[in-house]
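Mind having a look at this structure? Questions to follow.
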Amino acid sequence: MIIPILILVPFLASLFVPFLYTYVRSKKIGWMVLPVPLILFVILSFQIPSLASGENLFHTIRWLNAADIHFTTHLDGLSMILGLLITGMGTLVVMYSIYYLSEREALGRFYMYLLLFMGSMLGVVFSDNVLVLYVFWELTSVSSFLLIAFWHQRKNSRAGAKKAMLITVTGGIGMLVGFLMLHQMTGTYSIQEMIGMAGTLPTYDLFIPAMLLILLGAFTKSAQFPFHIWLPDAMEAPTPVSAYLHSATMVKAGIYLVARFIPVFGESELWFYSVTFVGLLTLLWGSFNAVRQNDLKALLAYSTISQLGLIMSLLGIGSAAMLDIPGADKTIYTAAAFAGLFHLINHSTFKGALFMIIGIVDHELGTRDIRKLGGLAVFMPITFTIALAGSFSMAGLPPFNGFLSKELFLEASLAVQHLALPGVHIWIPIVAWVASVLTFVYCMIIVFQTFFGRQQQQPAWVDRGAHDPRPGMLVAPSILGVMIVGLFFFPNVLGKWILKPAMAAVYPSFGNPESLVPHIAAWHGLNPALWMTIGIILIGTILYIFLRQWRRIYTIAPFSWKIDNIYALLLIQLEGNSYHLTNKYMTGHLHRYFTYILLFFIAMMGTALSFVWRLAFNFSEDSVVTVNEYILVMVMMSAAVAILFVNSRLIAILLNGVLGFTVAFLFVVLRAPDLALTQIVVETVTTVLFLLTFRFMPDWKKERPRRPVKVLNAFIAVASGLIVIITALMVQGNRLFDPISKYFEDAKTLTGGGNIVNAILGDFRAFDTMLEIVVLLIGGLGVYVLIKLKDKKDGDGNENQ
Amino acid sequence: MTNALVLPVLIPLLTAIVLTFFRNSFILQRTLSFLATASSAGIGVYLLLRIQSEGILRLDFGGWEPPYGILFVGDSFALLLVTAAATVTSIILLYAFSTIGEAFEKMYVYPFMLFLLAGVNGSFLTGDVFNLFVCFEVMLLASYALLILGGRKVQLVEAFTYITINVLASWFFLLAIAYLYGATGTLNMAQLAERVAENGQGPVLTVISLIFLLVFSLKAGLLLYFWLPGSYSAPPAAIAALFGALLTKVGIYALIRMFTLVFHHSPEITQSIIGIMAALTLIGGSIGALSSSNIQQIIAYNVVIAVGFILVGLAAGNEVALQGSIYYVLHDMVAKAMLFLAGGLMISLTGKAKIGELSGLIRNYPTLGWLFFIVMLSLTGIPPFSGFIGKVLLGEGLIEAETYVLLTLAFLSSLFVLYSLLRIFLNCFMGEAIIGSEEQVVLKKRTLLPIVMLGVLTLAIGIGADAIAPFVNDAASTLVNPQTYIEAVLDKEALLKK
Amino acid sequence: MKINDVILRTVTKIVVFIILTFGVELFISGHNDPGGGFSGGLVLASALLLLYMTYDIETVHKGIPFDFKKIAGLGVFLAVASSAVPMLFSNQFLNQAKGEFALPVFGATELSMVLLFEAGVALTVVGVVVTILLTISEDVS
Amino acid sequence: MIQTMLAISVVLFAVTIAIAVLRLIIGPSMPDRVIAMDVVGVNLIAMIGVVSVVYGTKAYLEVILILGILSFISTIAFSKYIERGVIVERKRDR
Amino acid sequence: MNENEIGEFIGALLILLGSIFSVISVFGIIRLPDVYTRSHAATKSSTLSVLLTLIGVFLYFLFHDHFVSVRVLLGIVFVFLTAPVAGHLIIRAAYRSKVGLADISVEDELYEVIHGDKPVKDEETEDGERS
Amino acid sequence: METLITLLVGVLVMVAVYLLLSRNFVRIILGTAILSHAIHLLILTMGGLKKGGAPLLTEEGSTYTDALPQALILTAIVISFAVTAFLLVLAYRIYRETGADNLDDVRRELDD
Amino acid sequence: MPGQLLLNLFIAFLWMLLIDEDELRFSTFYAGFLVGIGILFFMHRFFGTRFYLRRVYAVVRLFFIFVSELIQSSAVVLKQILSPRLKIEPGIFKYETILRSDVEITMLSMLLTLTPGSVVMEVTPESDALYIHAMDVQESRDGLIKQLKNFEKAIMEVTR
């Protein structure tokens, strides 16, 4: 029961915060929020020992029995990592935000969103039921949207929020379909049950589509190429948000999902390819683009993309352990997954710290543009120290935790090239290495272009009061800084208590989890990985020094390409084309609409009839026609056709009246006296109505449509008529059953009335009649309203409030 | 015999008629009309519960055994829709009370709304195909009257378009009924189903079924939705909401009913066509929703998208998909009403309808902004709001039916819904506030209350979907087993006794 | 020269009575012969139309001072309410109860709910048709 | 014999109507057309009478009367329209 | 032939006569030169023919079914009453809407009273519809 | 007779549809009016024509034509009357409001 | 007013005729009387016609005069229509009548209009003169005036 409560608490708190804020209109609100993540973190931490001993926590609250959707929570090693990150980073970010955000901001809203996000994120990682997972998944998108658009007055905030929402929701929807497909194959929505059936899945046709769709969800959320474009724009959010959502937690949701589904899909080569290659591509593209950024936050965004790609590729390589390749040493690959999880934690620490530092710089100096910054090390020593630790860790330098996981990554990239699969070659370690070089370069940019050089600007900084921020603001980054160093020295504590259960969750079929956890050592001999690192530092330094010279390549295609442009173009094209397309057929012209409807009728019926026209027409049942009936029918036809050609309304009405009267006569001939009666009166009243309304109408202008239009109209008219005729004849020739109306011939005994038609109208089908006079009443009142209720001031679209 | 079955029609009808005599007593009008709709909803619930225990209910008007008389057949599907329609109408009425204005109240706006509801409920309940036509007409006439209320030029012009197109549609309806009667000699839907099944749905019947398809598609806005955006964006918000929530649903209901009960024997033809039409509707609606910068137009195209979405389930045709469609119909009634009210309120508060002319409204009207946000999420199908469960079930059904193109389009359409509404939200609610607090129109609490209620409802349906699950499941199971319906209506033993 | 409608008016005075009588007869005899609420009502309405055309709205209104909207409403109410009455006696909605009644003037008459129903129909038709005609005419002139 | 006579007369009435409709179409003046319509109406009355005799039924005799009434009413309506443009006045100056 | 058959025969004869009259009068509608003269043919001759026919019908039912058809009688009265009024009104309308007299007309004492000016004979207005 | 009436119905439909496709209000409304004539005749035809006497039980004769279509048509006539009246008055109002007798002109005016 | 009573009886009679086509019954007449009361109540403000049963004879006489005129002039008109060449000279002339009341004027006009060859075009606002269109003014003016006088006399016997 503890986990559902864990999820619920932030939601409740988020509901509570706005109310609280109406009483506590100050920063104190932050202090009131702070205990929430902290307590959750502590509670979660208490579960670590039992997880390390191999236990899992399951709990189910039944929700939608009909659809088999239940709140099944599942705490295992994998979700624990994320849970700790969410609550831990949550605590730090809240603490940091208390100092970062000004009193004037809508703090109530801010913390509400933040808590909403926290709850959703916990929901994502703790849900065993994929649909519930999806519920929370979308809620993270929503809360992310709200947080990015926190300063919604800014155009860029809105654009960024929109982009993030569109892309992540797209992925989410894809993922949902993937889940539904999995359900179709397995009959369950429980991940653990799916894992249990994993072996049978690849035989299904839906296996690959489901996998790709779920990956789509993961990739969009974790900002993998080419869906990464939302992440830089998401930096419009307040920096605590960037630190929390867009580096430490939400973007890890995709990573989590991939790790979670390795047991389900890992046996597929396509899975390996997709995850690994997309990861590598993201890694490369992210680091490459990070170098060209001038905005520190943008730089961090691309670096995050790149790092996410790194983790993703590690999971991809890790999933190779599931592949059925004879003779392969699986521990090489499981080590990659281990590295991925390890780096996931490390990245959160150093990237969180860096974001907070950038936030401090921005907060203190009002700019994040590296071209305007420089030499801050002197003024902000503590800030600088933490920045140094974070950057070097990210660059993969000792003695920081990033070094450890980066080494593991390089080893994995070297290991994977031996995998006996097509397309897997030496280029993988090369890409890994190149990306690492670039990573090194942008890390140096952060450190040196912000905190060193450009001494000439010093006085300006002094004027602006550049100095370390208040201590409170430094607490959170400092804690992270300590962790960056601490994890370097004691990585195996993490390995034993946290990573081992997680590895067990990723490879449930591999038995003993001990074998899945390699021993991490800072010094692991002069192996190829270390040589690569040395190369990175050498080449990276050279590149950094000559940065200004080679940076020009960013103006040359394909390096100048931005996926962003595709997105922008897509939206513009979509809106523009939609506008044109829609306006093309939604003209508002009634005759166009009639044309569509009738053409649809003609096309559909024409096609259908062309298949069945051979059905015999049977005229044998036809009753006789007398001469006068022929004459009258001819008269009616001529009168009708004449209406088309007359040039005066009045004549048309007269002809219509004649038509009505002759129809009444036909009713007489066809033994329908009641119809004749009604028809005559209705026809006359209608004619009178025509006359009543005519007086003010202008002369009937001859309509002269263009010739093609005329031909089309004529075609439609004739074709419609023919279809009506043919269908009618077909029906008449193929009567299938006797009508039920024989029954009504007992009307006299049944109802007491001798007029069958009236008995039907007044008794058998009196309900029709009742509603029909209702129709009449509405029509009458409608006419009354139409005439009486005139808009006094027409035009401006106002309705009276 | 269950006389209660007629009450969802009779109560609004009688109330409307009585109210025409009291044009000027607004209090009476409001009280009675609300009581009428609310009690109709209550009766709907009562009947749903009875169906759970007694099976399909039936009321033969005048005591005439089917197929000779007209009858109401209450199965879960019909009554779910009845209940939803009455509930939503009640809430819309509440909104109308505070916004519609005395000029309209004098001009029978509440009677017209009640007539509309009566027609809609009648369409859901009737078991006779000609009576369905008549119920349609009640609904249509009421909608005509509501559409012109106010008499602005735009309204008049849109009304003319709307009415003439509906006249043509009604004509096709009669045409179809004529042919059907010629071929089968009956009008009772159950007997039609029986006779069609007995004879096998030969080419003649299939041809006839296509005309029904045309008719109901016109009403539902399935592919033939040209009339919809214009006419739904012309009237005041309360009326537009009523249209958006109810009108297309009747067409959807009729399509589902006819093509599961009567014409389900040639799915390779009819369901394929429905599928293609639904696909094109999804595309057209999605494109349309992006094409406009007018709030009302965007909202109206969202109606179109929903139509396609729901009928995708009919194209798939299996039980799960139909369950999804039913959930989604219910959801859409609530959410569309909410969307129309929220959008309409924005326009009436500011006097502007173009998204480019509005900005920062959330500062002026925060609650309205959040309600709009909620309905946006709900319509996108984002959980835990009401659209989710329908979407999930529909997805399951489509996968089961292996109709992947429809699956793709249906789920992609959610994105267009999101995008189109997001445009409104971002452009109009977010951004710099352009209306100063002194010039802003006061938004009364009781105006907002109905929208809040709808918001609560969409959340409640989303979270408490299980509460209506038995009804939805029963409804879908009746749809896929038409024999249940036929037997409930044409009670063989009773007929033999005569 | 001013128009003198003396011929039309004189004849109308007679003709209207024929039409009205015929209308009522149509309504009553619809049970067994052609006619009924609709045709009866329509004929009555056309008699009124004739009057309105021969005289003018105000003159006719002095003689027949009814709000025809309310007549229409009354008609529908009559029809719907009479349909609902059987429900009070636990019969089906619209069960048109029948029975022979010995009326003082009309003699043994078979009266049923149908008659009430049909009267409702006729009233509605008259009310609506005249409402429509009058509403437009008032607006036009 | 009688049947033949009746058959001939029905056809003759039909011919009359056809010719009247011709006049209605060619006009030239509006009153011409209205007169033609009146002729159509009146002859339809006759024709229904004859048809009733031929069928040997009284079912259509109501129709005769009603057609008489409404043909009269519509002629008046058209006349008033042609003469004054308004067929129902609110208040006639007399 | 018994008396009934004679009655029936007379009825049928009247009907036939009526139909012949009717055809002749409709020829008048075609032949005559202006609306006023045509109205003579129309409103009267055809009225006459209808009256004849209806009397025939009445007689036929009287003798064949021994049935006094009040409706037919009423119809006769009705046509008798209304036909001249209709003819009068339409002709008045024609004149007031300035439909000209045919060239062969020799006298017009009404023109100045209505239109207040000299008669213009040759105008045969097309479609006196008001705009 | 059935075939003849069916042909008549077809011709009426052709004319009506052609009228519907015009711009002028009155032509469109006339189109709808003719459409209803057509459908009424068609419904009647679907029940079979002249297959017996008028459906009046007081009339002598043992067979009657199908009365059900007649009842349906009566209902349809009344409904289409209500709609036509409404439509006509609507056209009239639009004309009074805008001075145009066709939708295209009104739209043009609204767009300006 | 006695006229109302008369009219009421007329309606009652009409009623009886309509309801009991083969066998007239007093009870039906009675019912018709009630129906008539209803109609009259509905219409009573319109009532103003005078009608006297005791003038039946005059009516019958008038009827026969009319029928003979009808047949005579019908023959004339039919002959004109059927003659191979039209030899007519139509025209409009004014006739000042000695009749005064609405009913008299109406009767005269109707009779004149019903007889072929002549139609009343206008009644002067003072109801003292008729404008008559004749099919053949030159030929039949005198004949027409004679016919008019005839009618006038017969009508006055009925009405005065």
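In this document, chain identifiers A, B, C, D, E, F and G correspond to the written order of the chains, with residue numbering beginning at 1 in each.
In this text, a residue touches a chain if its C-beta (ideal position, glycine included) is under 8 Å from a C-beta of that chain, and two chains touch if they have at least 3 such contacts.
Only a predicted model underlies this, so the values are computations on that prediction, with no experimental measurement involved.
Could you run down the chains that neighbour chain C and chain D together?
Chains that touch both chain C and chain D, as defined above, are A, E, F.
Taking each chain's centre as the mean of its C-alpha atoms, which one ends up farthest from the centre of chain E?
The most distant chain relative to chain E turns out to be A.
Can you name the chain that lies farthest from chain F, using the mean of each chain's Cα atoms as its centre?
A
In whole angstrom, what separates the CA-based centres of chain E and chain G?
Chain centres of chain E and chain G, defined by C-alpha means, are spaced 15 Å apart.
Mind checking the centre-to-centre distance between chain C and chain G? Centres are C-alpha means, answer in whole Å.
29
Where the CA atoms of chain C average out and where those of chain E average out, how many Å apart are those spots?
About 31 Å, centre to centre.
From the C-alpha centre of chain D to that of chain F, how far is it in Å?
The separation of the two C-alpha centroids amounts to 21 Å.
If I count partner chains per residue in chain E, which residues reach a count of at least 2?
25, 27, 39, 43, 47, 67, 69, 71, 74, 78, 81-83, 85, 88-89, 91-92, 96, 113-114, 127, 129-130
Two-or-more-chain contact residues of chain F, please, as numbers and ranges.
Counting only residues that touch two or more other chains, chain F contributes 20, 28, 42, 45-47, 53-54, 56-58, 68, 74-75, 78-79, 82-83, 85-86, 89-93, 97, 103, 107.
When you check chain B against every other chain, which residues touch at least two of them?
13, 17, 20, 61-62, 130, 134, 137, 141, 144-145, 148, 151, 153-154, 160-161, 164, 168, 175, 178-179, 181-182, 187 - these are the residues of chain B that touch more than one other chain.
Which bits of chain D are touching chain E when the two form their complex?
1-2, 5-6, 8-10, 12-13, 15-16, 19-20, 22-23, 27-32, 34-36, 38-39, 42-43, 45-46, 49-50, 52-53, 56, 58, 61-62, 64-65, 68-69, 72, 75-76, 78-83, 85
Contact residues on chain C for chain E in the complex?
Those residues of chain C that touch chain E are 1, 3, 7-8, 11, 14-15, 18, 22.
Write out the stretch or stretches of chain F touching chain B in their complex.
20, 25, 28, 32, 35-36, 39, 42-43, 45-47, 68-69, 72, 75-76, 79-80, 82-83, 86-87, 90-91, 93-94, 97-98, 103, 106-107, 109-110
Any idea which chain A residues touch chain D in the complex?
Listed in rising order, the residues of chain A that touch chain D are 626-628, 631-632, 634-635, 638-639, 642, 646, 648, 650-651, 654-655, 657-658, 661-662, 664-665, 668-669, 671, 673, 676-677, 680-681, 683-684, 687-688, 691-692, 694-695.
Spell out the residues on chain C that touch chain B in their complex, using ranges where they run on.
Contacts found on chain C: 69-70, 73, 76-77, 80-81, 84, 87, 90-96.
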